[in-house]
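So that you can tell them apart, the chains are marked A, B, C, D, E and F in the order they are listed, and the count of residues begins at 1 in each.
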Amino acid sequence: MIEFRLGLINPNTNSEQTEAMRGVAEQVLDEKSEVVAATAARGPRSIETAADHVIAEPETLALVRSMTYVDAYLIACFSDPALDAAREVTEAPVVGIGEAAYIAAARMAKRFAVLTTLPRSVPELEDALDRQGLTRRCVGVIPMGVPVEEQGIENELAYAAILERGRAAIAERGAEALVLACGGMADSARSASRDLGVPVCDGVAFGALLAYALVRSGLRTSKVGAYAWPDSAPGVASDRGH
Amino acid sequence: MIEFRLGLINPNTNSEQTEAMRGVAEQVLDEKSEVVAATAARGPRSIETAADHVIAEPETLALVRSMTYVDAYLIACFSDPALDAAREVTEAPVVGIGEAAYIAAARMAKRFAVLTTLPRSVPELEDALDRQGLTRRCVGVIPMGVPVEEQGIENELAYAAILERGRAAIAERGAEALVLACGGMADSARSASRDLGVPVCDGVAFGALLAYALVRSGLRTSKVGAYAWPDSAPGVASDRGH
Amino acid sequence: MIEFRLGLINPNTNSEQTEAMRGVAEQVLDEKSEVVAATAARGPRSIETAADHVIAEPETLALVRSMTYVDAYLIACFSDPALDAAREVTEAPVVGIGEAAYIAAARMAKRFAVLTTLPRSVPELEDALDRQGLTRRCVGVIPMGVPVEEQGIENELAYAAILERGRAAIAERGAEALVLACGGMADSARSASRDLGVPVCDGVAFGALLAYALVRSGLRTSKVGAYAWPDSAPGVASDRGH
Amino acid sequence: MIEFRLGLINPNTNSEQTEAMRGVAEQVLDEKSEVVAATAARGPRSIETAADHVIAEPETLALVRSMTYVDAYLIACFSDPALDAAREVTEAPVVGIGEAAYIAAARMAKRFAVLTTLPRSVPELEDALDRQGLTRRCVGVIPMGVPVEEQGIENELAYAAILERGRAAIAERGAEALVLACGGMADSARSASRDLGVPVCDGVAFGALLAYALVRSGLRTSKVGAYAWPDSAPGVASDRGH
Amino acid sequence: MIEFRLGLINPNTNSEQTEAMRGVAEQVLDEKSEVVAATAARGPRSIETAADHVIAEPETLALVRSMTYVDAYLIACFSDPALDAAREVTEAPVVGIGEAAYIAAARMAKRFAVLTTLPRSVPELEDALDRQGLTRRCVGVIPMGVPVEEQGIENELAYAAILERGRAAIAERGAEALVLACGGMADSARSASRDLGVPVCDGVAFGALLAYALVRSGLRTSKVGAYAWPDSAPGVASDRGH
Amino acid sequence: MIEFRLGLINPNTNSEQTEAMRGVAEQVLDEKSEVVAATAARGPRSIETAADHVIAEPETLALVRSMTYVDAYLIACFSDPALDAAREVTEAPVVGIGEAAYIAAARMAKRFAVLTTLPRSVPELEDALDRQGLTRRCVGVIPMGVPVEEQGIENELAYAAILERGRAAIAERGAEALVLACGGMADSARSASRDLGVPVCDGVAFGALLAYALVRSGLRTSKVGAYAWPDSAPGVASDRGH
């Protein structure tokens, strides 16, 4: 019997990535759990710019709204698109893989480095760390120069880049753990951890378990204040035109 | 002859508010300036929740993209939706009325208070102040309990609320200036300033002039790093599916 | 068959509280989990001062060292005594109930209040929030004036204080969730959440599940840098004299 | 007919620099604007130390006080001497070129670098960025080793230093824009921007326009609180002995 | 024989206050110490505004420069005028009474309140606390509404205000110690401490001793970087025109 | 006649280091002062890990409690073990050598570097700087790779490492002063300062004098709030079982 249903939402349109992330989540959840996965119907195939992010957000929110029979949601893109908005439209716990990866890393190490794909993403990742109060814990956000599409453990070049930049971050910056800032790298985390000798955190595996932990502890998203139902605000016509 | 064309973009669907804001902007710009205004075609009629914000962002971005013949853009919603994304898709300066109002207030006073509509907006406004490094300058974000739709200077109740909460912020919290956190209040700023005896900053009037100032000083949005053209990122398929 | 063994360590000497916390943890973990609980052999019966904290820390660390057959540790005192030290002496994940409660609250709400027992604890709790980067998320640390010993759901006075201070925090400070800053209040959290209509987070229930989540995701405490084995530091004679 | 009169105040005694800065300001303001420029009568010829700054401040304040017929003031030294004091003695908006340059840069790019003259100035510039809440936006304050007196676009060595350090900041630190931290470099900004391919912000051109924007939006410096008239403080004998 | 000569510099022109502060300093230093006091020759009689501060700074700096035969300097105005500049022109340690009072308070208590004279001073005092990294330690900067001139222990009204506001800060804000933000209150500190039952810190007594401590430990102001001799900067003509 | 008795407490068990530190303190205090030194009876011989720190804390606290006849305490380990706890159990001022060294350095220079022994200590030292609000003042925490046991001025290798890392910090990072983050280096400070040409701050010499300054200014640790006597907390059974 299924006791925990996780809604895993991929904000981009790459359904192979959705399947890979579903696999990662299923592997760590127990046999009484089920992962219901959904892929954005339209929008960017990978989310690498602020414009991509903005376009992916309403798709993500719409998927959360449509998936009403799950116990918790995992927004499976490292920039945590539509996270606050999703928390408004449901009482079920909502977790983003970005925040999840940082929560894990900050338990495993006092200092971590973040590996990302493109240099242009560095400022936004630094800003996200600051919003989560973790600036001091991070010794650097390091771009690898590998586009999202070429990631994944089966891509040797991308995996070699993780190892090379990871080793440098440990030796030169004092990184004690690594965070992989991309859902597409989730399947590389365990191997990289073994090869580098430090914890390598992805947000998919731990995010699925964090959602489970919140549900099992009986918590529901607050409906008082910032996350109150959108309809509860007087004069709001929300997304009727959408 | 027109020397400065401002693209004023209203992220919500309330075209009367668009016209009111256009009027405020035209009043402060000189006769060689023109304001081209656009209203979101769909989405929320007022933006009061994170869900509203998320839905309004791609509409805002699409309007920026479609309005290619202007010298600068003013995103005329206090939560500055799609501001970073807009800066990616153009070299013309882009200003948000939220950031503009804070820039003005921080020049006129050492400490200011922010008046907003609903209590649920307080945390997000506090977060925005923090992102702009202005937390210390603000003595409080104060909700007035008046929904966006009922704002505007002709609405006596809404205006009375500005005066009452404004007076309290000055007397009890040490506010030296006020920021009106809503495009719909823009037309009340001058009257309120006169009635309260302190600067009352709205982002529409000053935002239009700030955009003018950036253009006249010859600055263009950087195309290196975070605001590089979205197409310049390898492997990005941006919003082709949209 | 037991798949997850949690070492729950009570840093104070109150074994009844240990049992109550064990009960809370067992209730949220599944039937394949086991909670092994231990109580400090000596030291303060409740930890309410910095002096108490200092005395409880080596006891806590000694219990972690002696309990070698568990998958993860939960340090079950809200001030998270010996947390960094514990992470040095084991590769198993170590979680503190203080950090756990804040992690849960920050997912359920944008703003929370913290209820504590004595006024003297307020500065240290504020400092702990700052260390975790959560100062902005907290609308206030509120003392209830109820000593630790008199807490617990069966104590009507203590429970009434939670409800009264909780209601005031919601109405007057904009709290959207509450954190109970004491292991002894753990059993009151669910009732209080029902009675107050907002999430009430204790660190015992969620902390046990957070430890489970870290273990299931395959993570181990880093042995590079700050959490390296104490013996790995050249010239260190650690606690040989102890 | 003149509609906007800007009081440009050079806190140092170098009147050639005053003229150069007046030229930069006049170039960006329209034909209905007039720039009234004044040079400190005594004090340092360039402001490079805290001692210089302290000596230049009362001269700056005295010039603001004596120039009563202008609509706004621009304090044209990057360390913004006497900015708060000037705001006390007038209701007209007062802008410093330091703050102006940062405001411009933070709109054009997410991350910028600051180029300054001497290594000893780096800590004070870092502190000023922190006071303005912009520490996170700046990837480095970089000294060029060129004394103030040798700056200006006609000085080939100084200009070459801007290009060299600028290129390094873009390539190695992720700078997306540059700020020239010296009034004497103002005339190099446009050329450098063209040569480097990123926005190069000086505070003179944009500062003049920012002052114009504040005046046109109808704002006046608050006379409540920190910027109240000095005479309004009971028991103050201000500068009677001066 | 005199082993320690302290140069106590009063940045305002009130020589009675100079004598009172000299008395406080002499009382805490031992018999081998001597206090050489100097009063600003011109400028404000009390420093209550930014304009006052700016005018007092070069006078303060000139006094430091002229007093070459002392072992250390104490700048005896709570806003620490010309502190950085003074450190440039001497190798002897320089201490400000503002920073001194905070250093003392932060050792005696985890949380303190600051009592000041006028409401307009609150923002600048908050900013100074922030520059010193002590924002979190302060529970409030509280104006007493008593002008500087009427302070001193013999003034019953002013002393009564200290006690009243002090008691409220302890009871309502959790203040554990008080800081008196004015040199003119220095002689009230001991009495107030006795009457209120918490440490009351003034910067004159402790500042004199802090200067002694720095001298006795053999430290000299760094002449590398920000505090290097002004003449060491190439192209600097410092205050030759003054 | 002795007018000032300092209780110098060495939290580690190395009594030779105690004697060396006593010598440093006696050298800077005058002839009316006496240094009473005590060494931890058990625990680590040097404190290099969080586990060491935790074990040393109750020993430190016990020494403070047992040494009742002194005027002030100096906790002579750079990680300031049991500092808050010690302040609870006495009204006499308590100073840690870590905080003392930073207070001295921040008066002598605007930017300093910290030299420590082992790389693993870097994160905790960075955290301590942050707790004291000094993050911005520090240009880097630099490990020297020399174990505590091999420090001291007579150890040529250790001293050469101070000079080498110190020179690099000055030249490459803009350090204007150095802090030696270890009691065992105290005797090297003066020589290193002479050899490097910048202030080199140790916490033992200045810490002894800071304690003297606090005592002479008549201050006593607050017994209201966080540092109230442990017994004053209702329901506290402190360390009776210890």
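List of remarks:
Throughout what follows, a residue touches a chain if its C-beta (ideal position, glycine included) is under 8 Å from a C-beta of that chain, and two chains touch if they have at least 3 such contacts.
All of these numbers come straight from a predicted model, not from anything done at the bench.
Centroid analysis (C-alpha atoms only) places B farthest from chain F.
For this pair, chain D with chain F, the centres built from the Cα atoms lie 43 Å apart.
In this assembly, the C-alpha centroid of chain C lies 30 Å from the C-alpha centroid of chain F. The mean-CA centres of chain C and chain D are about 51 angstrom from one another, to the nearest whole unit. Under the contact definition stated at the top, the residues of chain D that touch 2 or more other chains are 84, 110-111, 119, 122-124, 127, 135-136, 174, 176, 225-226. If you sketch which chains touch which, the pattern fits none of the simple shapes: not an open path, not a single ring, not a star, and not all-to-all.
Pairwise chain contacts present here: A-B, A-C, A-D, A-F, B-C, B-D, B-E, C-E, C-F, D-E, D-F, E-F [touch as defined].
On chain C, the positions that touch chain B within their shared complex are 110-111, 136, 174, 176.
Touching chain A in their complex are the following residues of chain B: 13, 42-46, 48-55, 57-58, 61, 82, 84-85, 87-89, 118-120, 122-124, 127, 131, 147-150, 225-226, 228, 230, 233-242. Those residues of chain D that touch chain B in the complex are listed here as 28-30, 32, 84, 93-95, 99, 103-104, 107-111, 132-137, 170, 174-177, 190, 193, 197-199, 201, 205-206, 209-210, 212-214, 216-227. Residue ranges on chain E touching chain B, taken from their complex, read 119, 122-124, 126-127, 130, 135.
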